[in-house]
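So that you can tell them apart, the chains are marked A, B, C and D in the order they are listed, and the count of residues begins at 1 in each.
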Amino acid sequence: MKKDLLLKDGNPQQGNPLGGTLGESLRSQGVSRRSFMKFCATTASMMALPPSMIPMIANALENARRPSVIWLSFQECTGCTESLTRAHTSTVESLIFDAISLDYHHTLQAASGHAAEAAREVAMEENFGNYLLVVDGSIPLDNPGYSTIAGISNLDMLTESAKGAAAIVAVGTCATYGGIPHANPNPTGAVSVKDIIKDKPIINVPGCPPIPVVITGVLAHYLTFGAIPELDHIGRPKVFYGQSIHDRCYRRPFYDKGQFAETFDDEGAKKGWCLYKLGCKGPTTYNACATTKWNNGTSFPIESGHPCIGCSEPDFWDGGGFYKALSLPTEDLSKTAVYAAAGAAAAGVAVSALNRGKKNASNKIHIKTTIDDLTQE
Amino acid sequence: MSSVGITQFNIQMGDELTQNVQPLLHEIRHALAALLESGKASIIDLRSIPLAPGEEEAIIEALGKGEINARLEALGPSDIYETRFAGVWLTSHYNEDHVVVSRFIEITELPAILRSQREDMAGALETLNEELQKQATS
Amino acid sequence: MSASIEKGINAFKRQVDSSVAAFFSSCVHCGLCSEACLFYTETGDPKRTPINKTEPLRRIWKSEFTLMGRLGKMVGLTKKVDDALLEEWQELVYDSCTLCGRCSMVCPVGNDIALMIRKTREGMAAAGQAPEGLIGATNRSVTIGSPMGVRWPALRAQIKHVEEDTGLKIPVDVEDVEYMLLLSSMEIMNFPEFIEAVAKIFAKAGVTWTISSEAFEATNSGIQIGVSDIAAELVQRIVDVADKLRVKTVISPECGHAYMAIRWDGPNLVGKPFNFKVRHILEVLDELRKDGRLKLSGKESQKLTYHDPCQISRRGGVIDEPRKLIDMFAEDFVEMPDGGKMNWCCGAGGGVSANERADEIRLKVFDRKKAQLEEIRPDGIISACSNCRIHLEDGLEEHNMDIPLLSLTETIAEHLAED
Amino acid sequence: MTEIELLSWARGPGLQIATIIFVAGVVIRVLEILLLGRKANLAEAKGGEMSSGLKTMITRTVPDRTTFKRSSVTIVSGYAFHIGLFVVCFLSAPHILFLKDIIGFGWPSAPTAVIDAFAVITIIAMLVTLVNRLTNRVMRYLTNFEDLLTWFVTFLPVITGYIAFHRIGMTAPTLLAVHILSVELLLVVFPFTKLMHAFTLFIARWYNGAISGYRGVAS
């Protein structure tokens, strides 16, 4: 259903990118005020805003104008788009998409080839300075040929599309921090959007993939307030990434009590104990999984018995192993210690030989002390 | 947040997992006292609380059901009922697939969404006028 | 030949061994040893903290025997040991330490600080930084045979007196006897009653014994000043005579460091085990008691206490014996607070009494003993070291405290049962 | 460098370097001490060296009554911070996990509330030891740069661990990285300072006990 909406909106010629407010648009679709309030309450919840802000959100949404959205996909797996389109296929959320004009998304749009690129160019031109640019995937810098669209390198397409954007939403860990393409040894020289675009506000929505509600929540926020939300030090909206998984995890009491699953099939695992020892990256991962959850709020990885892999953090792929507890060294220390000890033992014996030589020498030059030797001359 | 009876993988429920229930009930008690005293209504978004599997159900069970139960059909159904504690309402919004999209505990005399809305009433008046006119002309 | 800083440094190097290295590596500067040392507690001067007294030795260990020190030395980062440092430290190493070893008992990391200071003295002495008083005493020990200058004729005269007083024959230079008794100069000059007491007890017990006219001096200034070569020479004199007379056991008299010198340091100084045993007089008396050869009569009703001489108790291991002996005649025995292996030093051991420069501080630190005595207020103090005895008498007199000092051996002799 | 990169460096190469320096340094220093050797005692023994040496290694942990009375602040704060350090280092789950990875076996952990309480005790006790060091007449006299340095590098992991656990000021990966780096600093400094006492005190106590025990005195 949402796909239909997207496909419909994929053609800028048919849409009305900036005409009318959201309120007008909804009323024209016969949406009642009561339905709108339900929509606002859900939107507030989605944006992790306190319910007391619902009236304000209602007012803002009422008067919001539909922005044009251009979605670029670079070195990615389409997981982010999948996540988004597999989200609650609900009327409520589709309203968010109703509220935007998705003018280019080459995976979702019906048009292809030159027609698609033409659509992008038109949207950019018509809404210059006002459109929202959404990017998923990383950008290869080694050889532009690693990833091109219609013969245009990712780098060129990004810099060109960014010029007229009001703001950029980097979706997924690839676009935000380089993600898996960036993982050691990074064969394509993949970088993030932020590494290239320096003069535009960028909202990072990391995750592999990001929680769909978080993606729509960020769009809703932009839609509602016409501005980018408050970001943390690595560009993530604080409302969704303000707290670590560990701090919000329902299994936290087990951590505090020292009750851990040691293997995936032991008593601890069955009792739902903390997965820290199985490599859970919850303590160093900031995301909304523990509260927002996945699959229509059904569950999230830890609830399903798997440790958090830290996918919304930069370089999560190179974090020393998903199943290695955070406090563990990433390399084999015992071997290092044994080699160091062995080498040092040899060195120690050598140093001691010098010491003993010195003592022997001092004994050798010692001349028996007599009572005549007790005063200096 | 699941209310569709998904079996929890591996989890055996224990007392230690429902530690959010008590504090939440206390929060509701404070809100109810404030409502009585100053008429100040409040809303708790259940989605903003990290709940363990089964905790939401435990809270709903603890609140029980009261006298009023309303069903709303707007962008999918919504269930709104007063719990066994007067002034404490539970609002559950579903999408068209009957999946909960948001759920609130409202401490108020009447949840705002139940009232007839001015815009809707204006629309209704217009519709009624139109229909009467139509009858008159026909 | 003469002393020099080079010889001093060489002597320091010879003193470093695995125990010293472990001790210095472990010190965390916690300062607990200060509160165990009467030279600190009674003066409040942090310089006198025991571990601080070992600084010269520490510097040599650090710069010569540690990898980091060697590297530091290459770039000139180590602290030097020179005449100025040793001169400054003289007062700490000799005047402010009796080698009592209380610090060694409280150090939480287990440093034998007294041993470290004893070793520090080796370097100090070799560098010509020993106090004049101790050099004089050492000189007399080597040339005359006694730190106080006592020669055989003087002892012979005292023996004669004893023989006249008791009617007992004091055996001199007798071969193949069980025991050879050593004496400290102090006993010969100030407490000849000691010889009398031993003679009476041994006569009653039927013990064969002798005094040597060639080597009767038990004290060893070489130990106190910290010159092992001289200490060895003094020990060797006793070993030669004991071997010549073929005695079974050499008895160390009522003197602290003499016991340390002959019993524990002796064989290590001369470099080989003795052919005879060495026992303190109290150990011998306790053996006799156990064998039933020592019978006493009459009890002392006064409140008596025992002052443990450091080198005999804490450093020597003779702790239970005096108490068992005292138990034979004392009805009202009371331990000093901290009595036994943790007893506080009188303040005069370790060569301090032979070092006139330390006279003032020696009397100052007596306050510690005074405080201990004030807590139990005894009628009499028994001890087993003439040096402690003289100093305690000095100190008590200084504070107008009238508590008599008793020798344990002499008191036992007084209580010998008449059959 | 991102914070996760920093954390990865701390958990990877940083830990490798620190471990090499720590292990090699400790081994060299212990050998340097032991291989110096000691002359055999030729005097007739009154007690056993080995048994009393081993005994003193343990008994010296308890101060005698008079010393305790005379230096109670030093002793109580010292005890508190050593016990606190022990509990925090060896009974907290992440630390046990770390050690298990290296030595191959683990043991049960204490609840975080306990660890947290001991961390606070350790921090307070360490601050008391610092104040004591700077105000106590003897300690102030003895204190040198190394004493302050070792205090600092010991305090650092405790305080960064506490801050990391409570997530104060920075995000978790940075806090964890800083904590691990502070431990690495401690490991690097360890062999070259009096921190070595953690190992050598057992050697020193053994010698002390052996020397005394040989003469028949329990030290």
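Operating definition for what follows: a residue touches a chain if its C-beta (ideal position, glycine included) is under 8 Å from a C-beta of that chain, and two chains touch if they have at least 3 such contacts.
Remember, predicted model here, so these are calculated numbers, not experimental data.
Enquirer: Note the shortest touch-path length, in steps, from chain B to chain D.
Expert: The fewest touching-chain steps linking chain B to chain D number 2.
Enquirer: Taking all protein C-alpha atoms shown, work out their mean, then name the chain whose own C-alpha mean is nearest to it.
Expert: Here the chain at the core of the arrangement is D.
Enquirer: Relative to chain C, which chain has the most distant C-alpha mean position?
Expert: The chain lying farthest from chain C is B.
Enquirer: Using the stated contact rule, I'd like to know whether C-D or A-B comes out ahead in C-beta pair count.
Expert: Of the two interfaces, C-D and A-B, more C-beta pairs touch across C-D.
Enquirer: Averaging over Cα atoms per chain, report the distance between chain B and chain C in Å.
Expert: 92
Enquirer: How many angstrom lie between the CA centroids of chain C and chain D, rounded to a whole number?
Expert: Result: the chain centres lie 37 Å from each other.
Enquirer: Whole-Å distance, chain A centre to chain B centre, using C-alpha means?
Expert: For chain A versus chain B, the centre distance works out to 32 Å.
Enquirer: In whole angstrom, how far does the Cα centroid of chain A sit from the Cα centroid of chain C?
Expert: One centre to the other, that is 77 Å.
Enquirer: Specify, in ascending order, the residues of chain D that touch 2 or more different other chains.
Expert: 28-29, 32, 35-37, in rising order.
Enquirer: Which parts of chain B, given as residue numbers and ranges, touch two or more other chains?
Expert: None at all.
Enquirer: Multi-chain contacts in chain A: which residues touch at least two other chains?
Expert: Where chain A meets two or more other chains at a single residue, that happens at 257, 351, 355, 359.
Enquirer: Strictly by the criterion at the top, what is the full list of touching chain pairs?
Expert: Going through each pair of chains, those in contact are A-B, A-C, A-D, C-D.
Enquirer: Looking at the complex, which residues from chain A come into contact with chain D?
Expert: Residue positions touching the partner: 177, 232-234, 244, 246-247, 255-258, 260, 276-277, 283-286, 310, 313-316, 318-320, 325-331, 333-334, 336-337, 340-341, 343-345, 347-349, 351-352, 355-356, 359.
Enquirer: In their shared complex, at which residues does chain A touch chain C?
Expert: Checking each residue of chain A against chain C gives 351, 354-355, 358-359, 362-363, 365-377.
Enquirer: Chain A touches which residues of chain B in the complex?
Expert: Residue positions touching the partner: 1-2, 6, 8-12, 14, 16-17, 19-20, 42-45, 47-53, 55, 72, 74-76, 78, 91, 93, 95-97, 99-102, 104, 112-113, 117-120, 123.
Enquirer: Considering the complex alone, what residue numbers of chain D touch chain A?
Expert: Residue positions touching the partner: 2-5, 7-8, 11-13, 15-16, 19-20, 23-32, 35-37, 93-95, 97-98, 101-104, 108-113, 167, 171-173, 176.
Enquirer: Enumerate the contact residues on chain C facing chain D in the complex.
Expert: 16-23, 25-32, 34-36, 40-41, 44, 46-47, 49, 51-52, 65-68, 104-112, 115, 263-268, 271-274, 277-278, 313-317, 319, 337-338, 341-342
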